[in-house]
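Note that the chains take the letters A, B, C and D in the order they are written out, and that residue 1 is the start of every chain.
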Amino acid sequence: MSELNEYLNELKASARQVMDGEGTAAEEATLWPLTVELGWLLTAVPEELDGLGLGVHGVSMLHTELGRGLAQVPFLAATLAVDALVQSDIDTKAELISRFTTGDAVTAPLADVSTVTLTDTLNGKLSVVPSADTASDVLVCVDDCVVLVKLHQAGVELSARGTWDTTRRLFDVTFSNVVLANQVVLARGDAAVAMIARLQSLRDFALAADCVGAAAGLLDITIEHLNTREQFGRPLALFQALKHRCADMKTLIDAAEALLADSLSRITDEQLAEIDSQLLAKKAKLVACSMFADVSEEALQLHGGIGMASEHPCHLFLKRSMLNEHLGSGNGNYELDIADHFLAQLA
Amino acid sequence: MSESDTQTLRQEVRTWLQDNVPSGWRDAMTGVDQESFVQLQREWFGKLSKAGYATPHWPEGWPGGGRSLAEQKVIYEEVARADAPRLIMYFVALYHAACTLMECGTEAQKEKYLPGILNGEIWCQGFSEPNAGSDLASLKTRAERRGDKYIINGQKTWSTMAQYADRCLLLARTDSSGPPQAGQTYLLLDMKSPGVTVVPINQITGDDEFAEIFFDNVEVPVEDLVGEEGQGWAVAQATLASERGLTLVELSQRMRYALPMLAETLKERGLLEDTALRRDLGKVIARVDACCALADQYLLKRISGEEKVGDASMVKLCYAQTLREYTKLGRRISGLQGQFDPDFMRGATQETGNWTLDFMNSYNWSIAGGSNEIQRNIISERVLGMPREPKTWKL
Amino acid sequence: MSELNEYLNELKASARQVMDGEGTAAEEATLWPLTVELGWLLTAVPEELDGLGLGVHGVSMLHTELGRGLAQVPFLAATLAVDALVQSDIDTKAELISRFTTGDAVTAPLADVSTVTLTDTLNGKLSVVPSADTASDVLVCVDDCVVLVKLHQAGVELSARGTWDTTRRLFDVTFSNVVLANQVVLARGDAAVAMIARLQSLRDFALAADCVGAAAGLLDITIEHLNTREQFGRPLALFQALKHRCADMKTLIDAAEALLADSLSRITDEQLAEIDSQLLAKKAKLVACSMFADVSEEALQLHGGIGMASEHPCHLFLKRSMLNEHLGSGNGNYELDIADHFLAQLA
Amino acid sequence: MSESDTQTLRQEVRTWLQDNVPSGWRDAMTGVDQESFVQLQREWFGKLSKAGYATPHWPEGWPGGGRSLAEQKVIYEEVARADAPRLIMYFVALYHAACTLMECGTEAQKEKYLPGILNGEIWCQGFSEPNAGSDLASLKTRAERRGDKYIINGQKTWSTMAQYADRCLLLARTDSSGPPQAGQTYLLLDMKSPGVTVVPINQITGDDEFAEIFFDNVEVPVEDLVGEEGQGWAVAQATLASERGLTLVELSQRMRYALPMLAETLKERGLLEDTALRRDLGKVIARVDACCALADQYLLKRISGEEKVGDASMVKLCYAQTLREYTKLGRRISGLQGQFDPDFMRGATQETGNWTLDFMNSYNWSIAGGSNEIQRNIISERVLGMPREPKTWKL
């Protein structure tokens, strides 16, 4: 366990070093090749499949650091698709994993708003798919089926969706009579249901980590600003009203971070599809998203005018926090899920 | 003014607005470039000015002038009610420049500049500086007297539409030896003068309604000095007081008239049955009404001469906080959908129905013109009588 | 109009003087006789009925001042009952008004939680009736009937309800087969429905005024405390974090006060039963109650330890704010009413 | 300690608690007088102490002692889980007094006092003063050395259950010449000494769990001095650190285990279908989990020696804020009904299900033991490295 921890800390340190080197909101064109080269996509892949075997803990470290730097890479989407491959029983699994962790990009939708239906063919729209234009394949989950679909084939159309959060490039992917038999089916029936549940947990934990990292990075920038900037002949950081608000932000961040770490420590990778894990992931995401929204709203105010200029990264954090809240599903839905599960357990 | 006179004016303005507000201007202003927006501003100013509704606050004798504050309030309320475009580009000229000239300008200055304003000359304000923020007293742009000219060097920022301005109300330092508020001088600067460079500020919303102005040995003739040299601070107070109250009455009313947009968003998203969101809507409706009531009450106090120090701060703080809550609810209702479509609408004040945009724009009111934090200082010290921030201190 | 304003200001000044003289939370036994003696119950009674004819504006002034001092008198309940008499067409109206404004006390329930049913007899429970033990009659509203019921008669039972807010003494009044024919029916049918609507508006405006006055009084006490009390060698009032919180409280109070004044200025006494007036009253009450709750929660924190001791009046304000929120009906219900009315108007 | 050892201990404690927690103690403690509560405390202490669960933090060799912090955490968690009464009356004796003696006491003092504590002697803490609040350094109670005695004069306040205490941990000033933290001296005072008067504080909840203590020429023999004269500040830090973390782990867990009470209130009021309240419940559940996680993490840091200055402040602030939100939701759900029945339950920590009471009690955690404001100072200065409050200043 402590060996693993050491390993994880090393991973975290190296990720932070890379992100610091690239700077806040490093562009996809620079950072993505580096991400692949450093083997980060192999973090959660088991050792028998030539991965690092660091599981959800390892990936969570990376998400936190990528969040801190507002990395413009579709890392989360790719890790979800790779995880689906790892969980699958298909023959070409090793080959595909190798391909998607070292060369071609694979992507997956990040929000529960798909209208795709599946019979012998796929039809409908998959939304919130990051960097679909540079990916070769996309992961599609429909009811009790998980499929890997090629993006460059007849019947598949991409359209870019402009978003406020410019650290993500999102696409709608529309399917018109895409023949299922020509795609790679990763799971069906109960196995698919479990796989989808697992992917949701992974996604929610990842988004929680993203929020925690980003909020911590933003608080650092904010404190730096307050320490530097003077008003009425003294640094802003000397004003108690501002200090107290920073203390509240710090406490919110640490509580969200503790909840994420605690939740991850309560489950093994194998339990990710279970309902309790899903609930833990939803709680972690809900707390982290609310926290990140609060922190970024406060940070913009504390930055004053300079925060309203697009040259300053402050707004990028705010916009990421707003989008994060609606990835997976919105806070309101998670709050209800958590309450209803709690009430059902009592009954 | 009697109740029935107000009613007559109200009806007259309302009818005029019904006939003259450019129809569909909101759609026409979405996703367009700045030039189209400028065009709309020019046209709308022309109409309003001709009708006399652009200058109700000017003295008797000027076209449209001689209206009481109560009448001005009626016009502002009706403009908000009619959802007319805001005269963003002309506001500084019509209020800040004109009122400063009327109050502190020489006869020669009035003759020289006021007709130009009526004809659509655009003015900008050169007060804020990059490192001064809400601490206006600390500004650093220098004005050095050489013969019959001042030579200006320095930088101003957050100047509304400065890229289109013909002239600038400039506050610059002529003396650094005294306390920070002393030694400031108020000048009227021609934006076409050599050495003036304007760089629009790319805002987080994508808009570039504000700009930075750089001054490199820019010459201003001494006849464009307003008030005494070194007394610019007092003149600037007159500038800032010129529209005090009216803007917040208008903006609060606009918030109220835009409430149906929140309902529209609820409906579009199929959330009319969501009890929690409906309650939040009810809460916001009541909050908006309270904000309107506070702004109205403030203007009534001004009219009756009962305004006290700090009253304006409470109205501004209340508006900034209510607008934040209001746009945030819109953003929440919009859900994921609200995170797409970063196209912005120009000149539509704070309520465009693109709630993510509106939410971000709400920071303009909590930061600019004295941040919420500054207002809280003023309220606690001047209204509640709590001790001022220490002048000096030791860590 | 300005003459009326002067009159109102005089009334307000004299009420404040009385309340200041009696001190915060002056006891019912001292203050009630004074209230009667000063003729405050006649404030809204029309001049032709020997009242002051100052309407809802005048009563609102008094409620504000009584709220400021946390007066322990059932003034609101009595004014509601007297107003019902004024609106009624009964023969004994003048006599009853005179009796209840100068001698016997009359009361009325302050929350919409009655379970009373009416046929030829009254049955059920009327809750949240202030000072019922010292009153001779109680006002009862059931569907489309408003009745004045004697409290000292067979079939009527009182039971005191302990409340956290010790500035009110509340009772349940239980009716068992109380014969309607022996009571004074003030209105029936449409007239009763209008009367009930009017009483609700009056009640909500009065509660809003109570909140505004009380919150303003509490803020004064709080500032006084912060100016006096020292920590770390300086008065608490010097700490910017606390100053900013006081500024927020002041702004909330003034906005609620402005809304109340604005709402009252939009309607005449005759319009109180109309739906628009009801909505204005609900908004005023909702905003004032939320404000008072926020202010009293902050005030307790700003008082620190001394605020937790019952000898200090701070907690009395908090407890009154908590009860006020649920008089009439709770905030959640008013929020819904306001939203639904707004949505219906659009449709 | 290995995972399986922890599991064994947990099972053992859980079973013991199942058999021993006085059944129905919550109902029995509602609306009763202080005496009945004291009786319950005595009985429960007797049981816990005999089982060794009252002193897991005492060193090896003492009954029940020698447990690691990890084991203590297990015991605290299980006590919370079993909803056992809190040992409010003995807490100062078992933790503050005992740990101070173990760390700073002489052998003679340990021999004299520790057995008494094990036998149920009650101690109280004499730190806070009426005008000191969170500013402990400014205390004024004097201790004057006369021969082999100290003569105590002054007043302490907010001392838990002082009216039942046998002894008092007293911090008093022996020297006023230096900086405020210097010149404080730590003494052990017999509450039966002549000149001691205890007056319970009537709290806003109706409870009188705290008291004021007045000292009028009270004598304390010099052998009851702990540490050096004038070094009391340092000894007091040891006192305050003795239970740091454990209490907040227990209280956070109690908050979690009491969540079903919130659901119960929802059900009783027929509001299970109210979407808004259900969402608020979901939010609070998640917040409580986060608070528990932060408290746990803090204790783990203590165990591994990684605690940093300010960590404890974040846990306390988070707990105080979460508890406020939690009890406020309960209060909201309770509606009008929650405003009746001011009967209070003694010794039930913060969650009695009488949410108005619980809400008011939540202020104990945002005010006492270093208010939220003090914690925010510490966090901003010590954790975030922002500048300290000025030492001196000029208005």
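Definition applied: contacts are C-beta pairs under 8 Å (C-beta built on N, C-alpha and C of every residue); 3 or more make two chains touch, one makes a residue touch a chain.
Chain by chain, the UniProt names read as follows: A, C = Acyl-CoA/acyl-ACP dehydrogenase; B, D = Acyl-CoA dehydrogenase.
All values reported here derive from a predicted model rather than from experimental measurement.
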Farthest chain relative to chain D (Acyl-CoA dehydrogenase) (centres taken as mean CA coordinates): B
Pair exhibiting more inter-chain C-beta contacts, C-D or B-C: B-C
Rounded Å distance, chain A centre to chain D (Acyl-CoA dehydrogenase) centre (Cα mean): 41
Euclidean distance of C-alpha centroids - chain A vs chain C, Å: 53
Set of chain B (Acyl-CoA dehydrogenase) residues in contact with two or more other chains: 275-276, 279, 373, 376, 387, 389-390, 393
Contacts with 2+ other chains: residues of chain A: 239-241, 243-244, 332
Chain D (Acyl-CoA dehydrogenase) residues within the chain C interface of the complex: 128, 131-135, 138, 157-158, 201-204, 206, 276, 331-332, 335-336, 338-343, 356, 360, 363-364, 366-368, 371-373, 376, 389, 393
Complex contacts: residues of chain D (Acyl-CoA dehydrogenase) adjacent to chain B (Acyl-CoA dehydrogenase): 274-276, 279, 387-388, 390-395
Chain C-touching residues of chain B (Acyl-CoA dehydrogenase), taken from the complex the two chains share: 259-260, 263, 272, 275, 278-283, 285-287, 289-294, 296-297, 314, 317-318, 321, 373, 375-381, 383-387, 389-390
List of chain C residues in touch with chain D (Acyl-CoA dehydrogenase) within their complex: 111, 113, 128, 161-165, 170, 229-234, 238-239, 241-242, 300-301, 304-305, 307-311, 314-315, 318-319, 322-323, 326-327, 330, 332
Chain A residues within the chain D (Acyl-CoA dehydrogenase) interface of the complex: 219, 223, 226-227, 235, 237-238, 240, 243-244, 246-248, 250-251, 254-256, 258-259, 261-263, 283, 286-287, 290, 332, 334-340, 342-343, 346
